[in-house]
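Heads up, the next two complexes both have chain A, just with different partners, chain B and then chain C.
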Partner chain A sequence: MKRPRIPTWLERQRYLLDFTLSSLGRRKGKNLALASLYTLVVFGLASVLMYTQALRGEALRVLEGAPDVVVQRMVAGRHDLIPGDRVERLSRIRGVQEARGRLWGYHYDASAKANLTFLVPEKFWGKPGEVVIGEGVARTRLAAPGEPFPILASDGSVVVLKVRETIPSTSELVSSDLVLLSESDFRRLFGVPPDLFTDVALTVPNEKEVATVANKIRGQMPDSRPITHAEIARTYEAILDWRSGLVVLVLAAALLSFGIVAWDKASGLSADERREIGILKAIGWDTSEVLAVKVWEGAVISLSAFLVGLLLAYVHVFVTPAPLLAPVLKGWSTLYPSFRLTPALNPFLVSTLFLLTVVPYTVATVVPAWRAATTDPDAVMRS
Partner chain B sequence: MFHQGRPDELVAVDGVSLRLEDAKVTVLRGPSGSGKTSLLALIGCMARPTSGRIHVGEREVTSLPEHFLTQVRRRTFGFVFQQFHLVRGLTALENVMLPAYPLGGSRKALTARAQVLLDRFGVGGRSRARADWLSGGEAQRVAIARALVNDPQVVVADEPTAHLDSKLSVGFMDLVAALRGEGRTVVIASHDPIVHDSAIVDRVVTMRDGCIVGEGP
Partner chain C sequence: MRKSDRFLLFLLGLLALLEAARLHSLHRGRERDEEVRAMASMARRLGLTDLVLATDARYARHPSQADRFAPFQDHPTSLEHFPSGTLVAPPPP
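The block that comes next holds the complex of A and B.
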């Protein structure tokens, strides 16, 4: 028997798709309810995956500028201030190009009910008495450039600094709660003596030497803890994976219930659907053609729900400030910086979602439809 | 034979040998349960016999795989069912077009062909009406139009007048006469006297208990 020409095949698929659409329209209520549920599941899953991936991207962008090794001093298992002479000793270790003492810390601002991060940058471009603040800080403190910025110092006095500007940032995720200031102001505010630093940042140009340098530091200064760039990156990853894992776990329950509904819908063809399949067989449709209609039916529902869910998730994550996920995934305890994530749609993420949603649903519709489609065409005559 | 080897085994058609002539009207007559519908299903390649052979023209079709048997069925036979079996929710026109969907072809040509058939059977004005809004007579005419959309050589009708009044039943036989006039073969299973006593019927085959018990013009 001759194989059908391509145009005939296409025309036939068009007829079958037309019939599928009219068939879906005839059972509007049921199909709409199913598609809405489906969209909701895709929306939830896609939101979590997109959000954590975008957060990961932001964090990695920030890490690009992080030092190769950070050395902290430990006292009784706790992070303590590190003496200034260690900076000199660390810079003499082979493989270390530069060692720089850093000053940074946290400060709970009771008036804004927010936790702020104070940092002395390598080259502070302001004058002593000035601060440069993140957008989140500007928002919560209602502080604009030129305005005073009072801070309660560690000795109980109020130190009034002046806002120089807000931070021009590449990633709002980390800079949102940041206050940049001069070394003298930092020491005054927190009562840090001149010969102590929070930690020491090392530059190790050769990536392969990082582990060796870290080992040497442990040997020479047993009370210190070297933290490598790779370890920081791993910590970020682990935190994000853990947080997204928690949400995905909750969503898994939703996915499971959706699976049950979909399976129930697909396997429990209504009497009307069975009758229709019987008529199609009786008027000359082949089992494969009936099956094609059912596959189209599943594909139309799942693909449209998939695309709409994906689009809604994209809007939720990248256009709105992700109100449904931010409190869980961002992890800020007191200050919620409302930042916008850099839009990104990873093909791997889209295909994972596709495999998780469209494929199982289509399979779930095909199997029972195949069972119904293999009925004898004469069953209609006997009904 | 249905449910072979099970306690409810049923021999619906037994020892039947029948040759149908081209361009003639044959009626299978007999009481309910006599095997008319089962024989009609066998003739129309809708079912396979447990034993025995069926030829369509020169071709033996009993051993064909389902896919090929379906191809023979939809190109050779058009069916009119007792309950008409139109798809609810679709329009009369869409119902008529339905058997032609798997064959592909131009939609414009198919729509025109379906409309011509509906016009011919006097229901052209109802082409946009949904199947569930049609009266019994209209539904039957739409079902006949559907049976003819693939231009089959043989039209098979199972108790086509069971749900029609006498006037509509006579009208149906006029349509059958027109089909025969076009050179089509018509096979009808019916125990309605309006059908088997009609002057346009060439041959009446009487059945009982799955067997042929008599034949006459």
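The block that comes next holds the complex of A and C.
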């Protein structure tokens, strides 16, 4: 006589999964809505975390070349022009290899309704009367190499410069709104006297001396404010870290909506679900099998939603130009860069998201089922 | 085909797509490395201190060079009103 084969653990789990999927299919509408909401939460959370993490990484790598110290002069609590003799004084501080007066400023271009950043490079490669513009400026002003570039000067006259070239679009993240020009053009446009600069950039070769140099500057020139390279890096870490406005906003909304879903699950089962558990118990299923079905139910929904949400977020942030997030950063800017970030699937980020979403949901599904499964089937069906 | 097999295939498909995304990130990351190096060299050459993220307010364009109180300094009891300023936190003290 042939003995009936006892299913292995794996086969048993497959039968339980078959049952779970049929059970989910009986409440198709509700479960689809739940999975969609869940996917949306993971998508939103993952998008923001991926976007800010990639932007932070890129900022730190790109701004590696920022000046070691920038010295500003403050007058009545506001940033003011710094006299040229201070450049000489700053260059004499021990530890400073070079001090360079910088000229840069903002210009609101009424025709394009955009703020442009005018900057005089240390070695401007164009001739006086020429400008090199960022891709964003070219786009907003519809300007191209060889074309005139009229600017309203501070004395009310219109100065017509000529576009020499545009900065390659691959570097838009740092150059989109830049207008590079010669020192004489800058001073003529903004009426800046020859012995004044916007600020002073210092080169301090020994990284360990930067803080000492900054302290010396504060002591020697009390009205000045030194900004070190480390402070610039810290600013970007703070702006784009998880406590920043953008992340906190989305994180709070996502966790709140997720909390509502989990609370709804944990607060009790529907009458249908209780009846189902009662019937299963009455026909001989034991508590562990009922719980296994519920674990599978949580896992099916949360795993699918987690993976789909994560993949959609990756495509949104790294394949497309993040159309849902970019406008948030742009704000009211009419001139903004178009850039693609360095894609990264950080294992730490993926595991954090997994622990934040899949685990609590699965636990929230199992707890009420365990309560129902441990009571008498008759009482469960009657309640 | 059993329902469980269909679901496991679906999961495997999603995991394969995740692996494809990882490979894409490695490939695209190598390409982007050159662009980032070019941007870093431009930042060094021009002495740039900030990324162009938002250009609507001065303190949002150059957050590292601005004061913590910059959004509120226009007049007494002035309120911050630029959307980018509400999302980009001020520089640390």
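To be clear about the criterion, the second predicted complex is superposed on the first by the 311 of 383 C-alpha atoms of A that agree within 3 Å, B and C clash if a C-alpha of one lies under 4 Å from a C-alpha of the other, contacts with A are read in each partner's own complex, and residues count from 1 in each chain.
Operating definition for what follows: contacts are C-beta pairs under 8 Å (C-beta built on N, C-alpha and C of every residue); 3 or more make two chains touch, one makes a residue touch a chain.
Quantities reported herein were computed from a predicted structural model and do not represent experimental measurements.
When the two structures are aligned on the shared chain, A:282 is found in touch with chain B, with no touch to chain C. Put chain B and chain C next to each other and count what each touches on chain A; the higher total goes to C.
Legend: residue contacts after superposition of the two complexes on their common chain; A:9 is shown touching chain B, with no touch to chain C. In the superposition on chain A, A:91 makes contact with neither chain B nor chain C. Shared-chain residue A:31: touches no atom of chain B or chain C. Contact with both chain B and chain C is seen for A:22 once the two complexes are overlaid on the shared chain.
After overlaying the two complexes on the shared chain, residue contacts for A:67 are found with chain C alone; chain B is out of touch.
Of the two partner chains placed by the overlay, neither chain B nor chain C lies in contact with A:212.
Residue contacts after overlaying the shared chain place A:234 against chain C, while chain B stays out of touching range. Residue contacts after overlaying the shared chain place A:344 against chain C, while chain B stays out of touching range.
Chain A residues in contact with chain B (one complex) as well as with chain C (other complex) are 14-15, 22.
Within the complex, the chain A residues that touch chain B are 1, 4, 7-12, 14-16, 19, 22, 25-26, 272, 276, 278-280, 282-289, 376-378, 380-383. Chain C contributes residues 2-4, 7-8, 10-11, 14-15, 17-18, 21-22, 24-25, 28-29, 32-33, 35-36, 38-58, 60-61, 63-65, 67, 69, 73, 82-89, 91-92 to its touches with chain A in the complex. Contact residues on chain B toward chain A in their complex (touch as defined above): 37-38, 40-41, 46-47, 66-68, 70-71, 73-74, 77, 79, 81-83, 85-90, 94, 98-99, 101-107, 146, 150, 158. Note for the complex: chain A touches chain C at residues 14-15, 17-18, 21-22, 55, 58-59, 61-67, 70, 72, 77-79, 100, 102, 106, 114-115, 117, 119, 121-122, 134, 136, 167-168, 170-178, 180, 199, 201, 227, 231-232, 234-236, 238-239, 243-246, 249, 300, 303-304, 307-308, 310-311, 314-315, 318-319, 328-337, 340-345.
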